[in-house]
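In this document, chain identifiers A, B and C correspond to the written order of the chains, with residue numbering beginning at 1 in each.
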Amino acid sequence: MRILAFVLSILVSISILGAVQAQGEFYAFETAAQERLYNKLSKELRCPKCQNQSISDSDAPLAEDMRKKVHEMVLAGASYNEVVDFMKARYGDFVHYRPPVNASTIILWVGPLLVALIGMLFIFGLVRGQKKGDVVLTADEEAKLAAALNKHSQKGSN
Amino acid sequence: MIAELGHFALALAFAFSLMLAIVPLVGAYRGHGGYMALARPLTYGMFIFTLISYIALTWAFLVGDFSLIYVANNSSSVLPWYYRITAVWGSHEGSFLLWMLVQAGWAAALALYSTRLPLTFAARVLAVMGIIGVGFYLFMLLTSNPFDRTLSYVMPMIPIDGRDMNPLLQDPGMIIHPPLLYFGYVGLSVAFSFAIAALMGGRLDSAWARWSRPWTLAAWIFLTLGIMVGSWWAYYELGWGGWWFWDPVENASFMPWLIATALIHSLAVTEKRGTFKSWTVLLAISGFSLSLLGTFLVRSGVLVSVHSFAADPKRGLFLLAFLTVVIVASLLLYALRASKVVSHTRYELFSREVMLLGNNILLVTATMVVLLGTLLPLVHQQLGLGSVSIGEPFFNTVFFWLVIPFVVLIGIAPMVRWRRQSMAELIKPLLLALFLAVAVGFALPLVFANHVSGMAVIGLIMAAWITITTVQELRLRIANREHKLPALVKLGRSHWGMVLGHVGFAVVIIGIALVQNYEVERTVRMAPGDTFVQEPYSFTFQSLKHREGSNWISDAAVFEISRNNKVIGTVLSEKRFYTIQRQVQTKTALQVNPLRDLYIAMGEELGDGSWAVRIQIKPFVRWIWFGGVLMAIAGLLSISDKRYRIKRKPLVAAQAKEAKA
Amino acid sequence: MNSKLRLLVFLTPMLLFIGLGGFLLTGLFSDPTELDSALIGKPVPNFELPDLYNPDRTHTQSIIGGKPMLINVWATWCPTCYQEHSFLNELLATKDIYIIGLNYKDDSRAAAMNWLQDLGDPYQINLFDFSGLLALDLGVYGAPETFVVDSKGIIRYRHVGDLNARVWREKVGPVYYSLFDQ
């Protein structure tokens, strides 16, 4: 779906942006796809000198240099991956806001997945466990429970 | 002199908090009513002296007492008076004093309303607030005292003028953002105190849930508003048109919000069904723990962020020690007590209980994503694996996948009955809702936009799904009633709160989906006289003016915006230079209507009189904040539900009797 | 579930937090803005840069290698470089160290030459990188920075910030001298 969306958006943006007058462009591009790629990259690349800003958001001279380099590469026909790899080779993984998937970062994806899975297992366990619990309930507890439920249903569910 | 008074008042507030932390607990332990009754006056004392201290600092700012280091660093003689008042929380020390004022304020409000609670319970709750206070007051007095004089070793003499307030913060949005956020952060300490008091007493029941629910809702409302105002402020003040960056400081406020959202749902289950008690308590503890953790992250400098305060390891160490003590102690208490709690209620897999638990698990998973994404860079570096950055591309992808099941549950859960629900009964309305939602999701972009974006379609389907199922749920509620309209009214404010809250979330989704997929961003080179066309709009850079404020000068560009050759507005986009702090600040120009923002920010001057200008068209961006406001109003509706007012007294009386028996 | 196991389950949130607390504690004592270089273990990138004193003379990567050396990134607009500069001159007065100076995006050639004339020139070769080309390839994100390069032209260490007596004694010096033993 995402790929489809991406392709669609590129196709359409070409048709829209194609109509725009090229005059006054600060970063001139030959195609609208190039401009989109440039915008995407300059938002995803991090300025190493700044606090926590992408090169697109920062006014630092280094960010400006990096923007220029990205622009230059995009104009020369570089792909998304080529630009990212170029920057990573110089500034390390730090420079890209999308962390690499490897042994040391896999927990980013596996951790939440585990939480969700354990949570679901927990729910199933809970629902099944209480059915077993039926037998354990004493008569006294049953009475209390019935009274409590009664009280609630009288009050209405809200 | 006034400053010394403020300092002294702060020390007194600390003394009060210390007594509040000890005396009522001793009373509760020994069953001594007099000691327990002291909790209330001690709380008031703590609040009043914090207030005096706060007023003293505000006074120092208003009169410009630059002999105080904090005032000298964050204010100046040319700062307008209203910013002098807000400059009080412009940096670490003062903002922490505001934090303390809010905490003491919550405690005082709690004391005021606690007459309705059993004495032992009220004493414990207030004492826990006192314990939290002890740590924070000590932190202020030892490491972050805003009343320190310049006469000490840091500055040898009194400066003639101050260094001015951070220009980023000289803005109306910043006047309300921190107080709102602090009300939310610290408000979670009330839910926390309720949970700890209940654990101490060994009684986790629906009464506890009912008492703490309105307080939790109140904190959640403030947190929601605080985050929304923060996002809005960053949007127009930082000059790049983003409304969320997944910055550690933003994440620090988002995590407690996620947990608080889970908590208000889980409390509903505990209140109405008396189940999930230990889970609800854990959420209450986690919520405040995360807001403590956030405080630590923001104020210790362990993470790199645009918004963080200046780093000071001494402060970090103190905060870390304090939050470790609080969190470990409460989680230990939790393990010892909650492990003995047993629920007797029964429910099946397809029941409201399980749906809400599912929503909780998704919210906790989301919290986990944010927590890992925020802290992994730190851990990664500690382990000697090098630096990594985790930002928008990661979070957006993961949240996209998380929000889908979440939205499915939002649609279904309100229709499902407690305990047990037959699937067959709901399958028809749900399929209908799904069909309608998909139709709307595809139709809207086809009709209103000039192209169809897959992600936008998915977003619109989700929003439509929530809206349609919400309407269906209301219809189900009144299906068997003869008089439909009175039945709707009789549903109760709490129910309408839920309805509005979910619709508000749908509005947020619409805003995000459309702005992310239909926004246009262009960086152009323009000189006065130039026109840039982005159909159907054209932007004409008419002239460049020079403007001056009391502490800034600016280059202000006048833009005339037309739509289909008809002028719709003239706006001013500024590049301000704050003369004392020597900082450049972008003041963006906005031309706004409910359906889109036109956003113009000045970049760098390029020589030959032309400028780099960033022009953005942001459709539906306002809906994000509007949806947030709807959610906050929904919270207010729920709080004002009559069962928190009228029914409470007899219930408490009954509880008290029960306790005595 | 027996009660001990149950207690253990309920203790997990606390245990998880304690683990996290440990990392936060160590995090307090490190600087999050300090980055590791991505070029450690890699050769110095190819370049072609003019000499600072003589615009007609160009240097290429052939000047790298042959012996352990330092590449020091500096500029006249960088206040820290000023302090570092006097330390480098002191160091060179007593020790024999081979340093290549990389002048990084300076205001002008003249400014850089004046600086070296006034303060002394600790560099064997002076590269003039006006547009920051080599600096970008080296992943430089500020000045001053110092790279330690071995005799095969491989980057072995990078220090961000100024070189001073302590940094030299504890960090950069040991790496540099260890390269002679190989």
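Please note the rule applied: a contact is a pair of C-beta atoms (placed from the backbone, for glycine too) under 8 Å apart; a residue touches a chain by one contact, two chains touch by 3 or more.
From a predicted model like this one, the values you see are computed outputs, not experimental measurements.
**Q** Between A-C and A-B, name the chain pair that shares the greater number of C-beta pairs in contact.
**A** A-B
**Q** With chain centres set to the mean of the C-alpha atoms, which chain is at the far end from chain B?
**A** Greatest centre separation from chain B goes to chain C.
**Q** I'd like to verify one number: the distance from the centre of chain B to the centre of chain C, where each centre is the average of its C-alpha atoms, in whole angstrom.
**A** Inter-chain centre distance comes to 41 Å.
**Q** Which whole number of Å gives the spacing of the CA centres of chain A and chain C?
**A** So the centre of chain A lies 33 Å away from the centre of chain C.
**Q** What whole-Å value do you get for the distance between chain A and chain B if each is reduced to the mean of its CA atoms?
**A** Roughly 21 Å separates the two chain centres.
**Q** What are the residue numbers in chain A that touch two or more other chains?
**A** Chain A, residues with two or more chain partners: 92-94.
**Q** Can you list the residues of chain B that touch 2 or more other chains?
**A** 304, 386-387
**Q** Using the touch definition from the top, which residues of chain C touch two or more other chains?
**A** Answer for chain C, listing residues that touch two or more other chains: 35-36.
**Q** If we count contacts the way the header does, which residues on chain B are in touch with chain C in the complex?
**A** Going by the criterion above, the answer is residues 278, 282, 285-286, 289, 296, 300-304, 313, 316-317, 320, 324, 327-328, 331-332, 334-336, 338-340, 375, 377-379, 381-382, 386-387.
**Q** Within their complex, state which residues of chain A touch chain C.
**A** 48-49, 61-62, 65-66, 69, 88-94
**Q** Please give the residue numbers of chain B that touch chain A in the complex, ascending.
**A** Answer in residue numbers: 238-240, 242, 245, 247-248, 272-274, 304-306, 308, 343-349, 354, 357-358, 360-362, 364-366, 368-369, 372-373, 376, 380, 383, 385-394, 398, 402, 417-418, 450-455, 458, 491-492, 494-495, 517, 521-526, 530-535, 584, 603-604, 606, 612-613.
**Q** Taking the touch rule as given, give the residues of chain C at its contact with chain A in the complex, in rising order.
**A** Per the touch definition, chain C meets chain A at residues 35-39, 105, 132, 136-139, 141-142.
**Q** Sort out for me which residues of chain A touch chain B in the complex.
**A** Residue list for chain A touching chain B: 1-2, 4-6, 8-9, 11-13, 15-16, 19-21, 24-27, 39, 43-44, 46, 50-54, 56-57, 59, 64, 92-100, 104-105, 107-109, 111-112, 115-116, 119-120, 122-124, 126-127, 130-131, 134, 137, 141, 144-145, 148-149, 152, 157-158.
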